[in-house]
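Each chain gets a letter, A, B, C, D, E and F, in the order it is written, and its residues are counted from 1.
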Amino acid sequence: MRPSGRRPDQLRPITLETVGINKHAEGACLARFGDTHVLCTASVEERVPPWLRNTGKGWVTAEYGMLPRSTNTRTDREAARGKQSGRTQEIQRLIGRSLRAVTDLEALGEVQVRVDCDVIQADGGTRTAAITGGFVALALAFRRVQARGLISTIPLIGQVAAISCGLVDGTPVLDLDYVEDSGAQADANFVMTDSGGIVEIQGTAETTPFAQAEFMALMELARAGITDLCAAQATALAATPG
Amino acid sequence: MRPSGRRPDQLRPITLETVGINKHAEGACLARFGDTHVLCTASVEERVPPWLRNTGKGWVTAEYGMLPRSTNTRTDREAARGKQSGRTQEIQRLIGRSLRAVTDLEALGEVQVRVDCDVIQADGGTRTAAITGGFVALALAFRRVQARGLISTIPLIGQVAAISCGLVDGTPVLDLDYVEDSGAQADANFVMTDSGGIVEIQGTAETTPFAQAEFMALMELARAGITDLCAAQATALAATPG
Amino acid sequence: MRPSGRRPDQLRPITLETVGINKHAEGACLARFGDTHVLCTASVEERVPPWLRNTGKGWVTAEYGMLPRSTNTRTDREAARGKQSGRTQEIQRLIGRSLRAVTDLEALGEVQVRVDCDVIQADGGTRTAAITGGFVALALAFRRVQARGLISTIPLIGQVAAISCGLVDGTPVLDLDYVEDSGAQADANFVMTDSGGIVEIQGTAETTPFAQAEFMALMELARAGITDLCAAQATALAATPG
Amino acid sequence: MRPSGRRPDQLRPITLETVGINKHAEGACLARFGDTHVLCTASVEERVPPWLRNTGKGWVTAEYGMLPRSTNTRTDREAARGKQSGRTQEIQRLIGRSLRAVTDLEALGEVQVRVDCDVIQADGGTRTAAITGGFVALALAFRRVQARGLISTIPLIGQVAAISCGLVDGTPVLDLDYVEDSGAQADANFVMTDSGGIVEIQGTAETTPFAQAEFMALMELARAGITDLCAAQATALAATPG
Amino acid sequence: MRPSGRRPDQLRPITLETVGINKHAEGACLARFGDTHVLCTASVEERVPPWLRNTGKGWVTAEYGMLPRSTNTRTDREAARGKQSGRTQEIQRLIGRSLRAVTDLEALGEVQVRVDCDVIQADGGTRTAAITGGFVALALAFRRVQARGLISTIPLIGQVAAISCGLVDGTPVLDLDYVEDSGAQADANFVMTDSGGIVEIQGTAETTPFAQAEFMALMELARAGITDLCAAQATALAATPG
Amino acid sequence: MRPSGRRPDQLRPITLETVGINKHAEGACLARFGDTHVLCTASVEERVPPWLRNTGKGWVTAEYGMLPRSTNTRTDREAARGKQSGRTQEIQRLIGRSLRAVTDLEALGEVQVRVDCDVIQADGGTRTAAITGGFVALALAFRRVQARGLISTIPLIGQVAAISCGLVDGTPVLDLDYVEDSGAQADANFVMTDSGGIVEIQGTAETTPFAQAEFMALMELARAGITDLCAAQATALAATPG
């Protein structure tokens, strides 16, 4: 029995809220994976970074942050410390790569979308909630780009979502919360598309090296979880007007 | 007629939500002044800054931040730029001074409370919402300090709230939203206690110097507004269990 | 009786020296408010910040610094610490806003004047000496801009000066020195024009909230003080050749 | 045929040089994977980071850097830019985790070993060379810790090595050089122990999502490669006196 | 004929003013070498840097800065840029070494003196004025240390002063001003004691390498100049009460 | 007898290796002065810094760094600390000036060469090895600039090399290693051309001021040493193909 009472293959309650989240952003999604709440906004700019100018290609990038008291014990504010931690940079690079993996940057044209993922409350799995909600915000922002007449079709080649899995007390479990994450022997984050393509895999042995069979068990759990997350994304997008 | 349809002396809809806002913080309040939404959390530490060690006195401090897309046009993330702007520092110093003005630091003992005010969505008046909501978060955190047995009574000597006023098209108006703020000839932020004491006044001529009579008119508007805000704080605190 | 032997409404000895202060700057003024000495220089550039290019408008900005041993106890050098404190940024933003409030930026044309206010010796009221002396340096720099043929008239719509007031042992007093400032219950900085217009008001309760009547008493003291400061500015400008 | 003329499952020429590399470091290894040359040094300190003091546990950490002209086009020096890139931080965190995965930190006692991995020349796969050579430097440093009498046995629970694999023109290949890396559809870095345990897996779809079968093919290549690398480590260690 | 009308071996008018310069500092000297004006203050702390604690030895260190408009064209404020330039660091290290060369750090005991050298107006030779005036400030501060009873004798083993020389149009000249400095083929800064001992020599060929005989001619000029500067120091110290 | 067994006027074994050092750089030299090993690479860019654009002139600049464990005790990585030390900046400025002193920047045209000097292992005299090896890297890079047809002749007006000397136990000695450097009463670095011209002299009294005759003795040692270093440079360049 998991601390939360979930079955090993059970996701936490997932909500992807898009309406009334942010009145300024071109796309917004408040992703909740249980008590992990990540606010994702997508901001459109009609200019690209210097290295893409005059190439006809667009760009999607991401930034990640945690509110100081999103965590159990208050974390120092990165703006006050004067730099982003290695963990923050690692996560925001991962989010950016994941979103670009399903975007047709050529079709987007010289437009940049910045996806900000800010953790309002953390309980494990913030990067996976950020990717899953960030995709929804991005897709909504593309609708606006289309509405402005900059593109004729939405430049997405699929959906992308992410989930964590881990070995806890020898059992492979899906969607770790903070308590499980802290005690896991190994954990892995999987970023996959709705058609099952692998975008990113990051597996780490926390205490002892793990076996290939264990890794495969984690991947199977992830596949099922991502199917559910992609369904939730589709539902959220369908339910969002405009 | 104001852009929002409000009367000159009318606040925006104010809500101070405290339940279900943050499961980690000792005190939390989501302050909404119309479309300005500021998430305030109070974090308790049983240690004080170096200059207060062994003095028997406590400390209250504040930090302020804006999510990048809380604003109409995306603002660069301060953590990514590597420093907090002058505006950010000015605001967080103001919040800290305001909260300390109603705290009996001697009675608090060697405890520090950090109040984080993060703007989720901005539409003018973020610093006044931060102070007003920050007070609620602080008061709730003091309940926890009391529950831990560190203090016998809540070390507050009153309530503190804040509101902005401004001269817009020659008319003194209360609680400016972003559109009014951008076009105001002058604006002023008033921080006052529930008993009418002045804690901070910051008045600025945006376009042309203003007259003393105009300034007095702004202060009168502020007084009435702060009375309402203090009532809302009292209601929120009364409704919060624990 | 005040520690300095002054009457409550008495300024410290004020001098605004402009000749032989700095051979490089387009305008310079060494402002002395008693033992507070601030060296103000104004530097002209025939280019404006990016957001003003091709608008036909000019800009006035200010920077503030304290020499490390301008203070009673040595203060760390901000250049060595690698950043300006929140206090420094707050003050330099105030100086800049104050000077812009009396400048006709349209009439200035695409010229920028930077006013540097460096505290050589501090004894309370450095920001007010900086604004008062900074105005003189700015006015002198405008003469040079005129002499270069860039403008036909001096783009000033009035004079601006500043003074502090405070409640010390229950008495409202003018132009606080460091000893008074440290012990004041409340203090306020007033920035006003020679015609009595209010440019900035910053009032802070240091120990306990204060009453509106007390605040009004401070403002009356300030008005009289600023009249004297504006007279001193006019005398200094009239006495400066060129 | 690969650009280098190698078979798909063929490593580049691997050398792990330990003698005459650095006269100061407690352990040193110059790891060469073809034209990728990484200088690894291990430095012993008889103190641990604050969070481990008085726990009886030791620590192993890593730092990574590239000489500016280790790359084909000169890269700006991170010390001159004033911060380490996200990529640098990501890599040095990976190296540290990998080395800790085979270290018995309890057995090490309150000793810290810092492993510096500096890229002298880069041609793809710098992080895998850093982990592989870093392990050798670490193992040699542990000999010194033992010689000082701080530990009785070498606190290693196995060897750890790393290799990259990728899909290039649809073919899974081992140990990508820079040219292959730039054109790969997907690449993955595998960190494994000499007994086949998985320590870290990082797989990324560079251009399009990839299939599970493709990923498994990469893992098989990696397994064989890591077996060879561990053999090379053992040989290098055996050949190092002291 | 030099631009200033001076003979090749002629110093600029030198003044070392110590009275009424700074009311806070334990020692102060405004050094003027012609139009180069450097304000030197010495600050005493009864604690030493960590590496000297419990050694019984003291420390003397220096910091250097230029006011933004001390220069002909305004220089960016280092505090605003967030770092000290290489030139600034080079100069402050030189000043510190020079002052330590004549201080008996053992005799000083565990006291630190910080000498701040701030350039109010620059016209060449700021580092030499800083060393020469810094020595006076330091010597005055030692009197205070003695008066506090921390030391029985002044811990100086001599005087130290500095001067620049250069080859201008083929002629060796003493004490270069800015115009000469800009056009010199070579220049050198000499730091020497009152008994002729060499403390520091820094010679640089600005345009073409120079000959040993030329260098020796510069050193001879410097010797004579430093004799005069040491006399001026002695006079200033003798004239300073206390 | 010196600790190394060398005669007072004897250099350490000097090697200037240019082949197989770095496959990317336009010029490379691994300079070894005994156990001091500095890797110098020269990188060519066909653009110059902003202040030289459209002047027809080129630029040569240098950067310097030490690998963390190049030193006996590990030194913090400057990239991790977020800034270059004053010592680093001082040294890289010296290297840059020295190399420019023998370069005809007009003849170079609008090309910039950056010389990176990274200390792989330190045993005293790193800056002199950096200048001596940096010259070789620069000269080789100029061959490439010539081969690209950007210049018709090599824009060098001579060779430049550097060596340290010092007073150790009262004896003037050449080319100090770390042990000698730590105990020297005085040391000096000399940068000279192959024709005996002085480019830079930096002499410092470490413990007590020194006499002119002592300084002259150091310079004579340096002259002889630099003659040998220039011969070694010439040999290395002659032996490098291309």
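The rule is short, and it goes like this: a contact is a pair of C-beta atoms (placed from the backbone, for glycine too) under 8 Å apart; a residue touches a chain by one contact, two chains touch by 3 or more.
The chain lineup, named per UniProt: A, B, C, D, E, F = Ribonuclease PH.
If you're wondering where the values come from, they're calculated on a predicted model, not measured in any experiment.
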Neighbouring chains shared between chain B and chain D, ordered by label: A
Chain whose mean Cα position lies farthest from chain B: F
Chain whose mean Cα position lies farthest from chain E: A
Where chain C and chain F are represented by their mean Cα positions, the distance between them in whole Å: 50
Between chain A and chain D, centroid-to-centroid distance (C-alpha), Å: 28
In chain F, residues with contacts to at least two other chains: 82-83
Sequence of chains encountered when the ring is traversed from chain A in the direction of chain D: A, D, F, E, C, B
Chain E-touching residues of chain C, taken from the complex the two chains share: 22-25, 28, 35, 39, 41, 43, 45, 63, 65, 67-74, 77-80, 82-84, 88, 114, 116, 118, 120-121, 123
Chain C contact footprint on chain B (complex, rising order): 83, 85-87, 89-90, 92-93, 97, 101-102, 158, 186, 188, 192-193, 195-205, 208-212, 215, 219
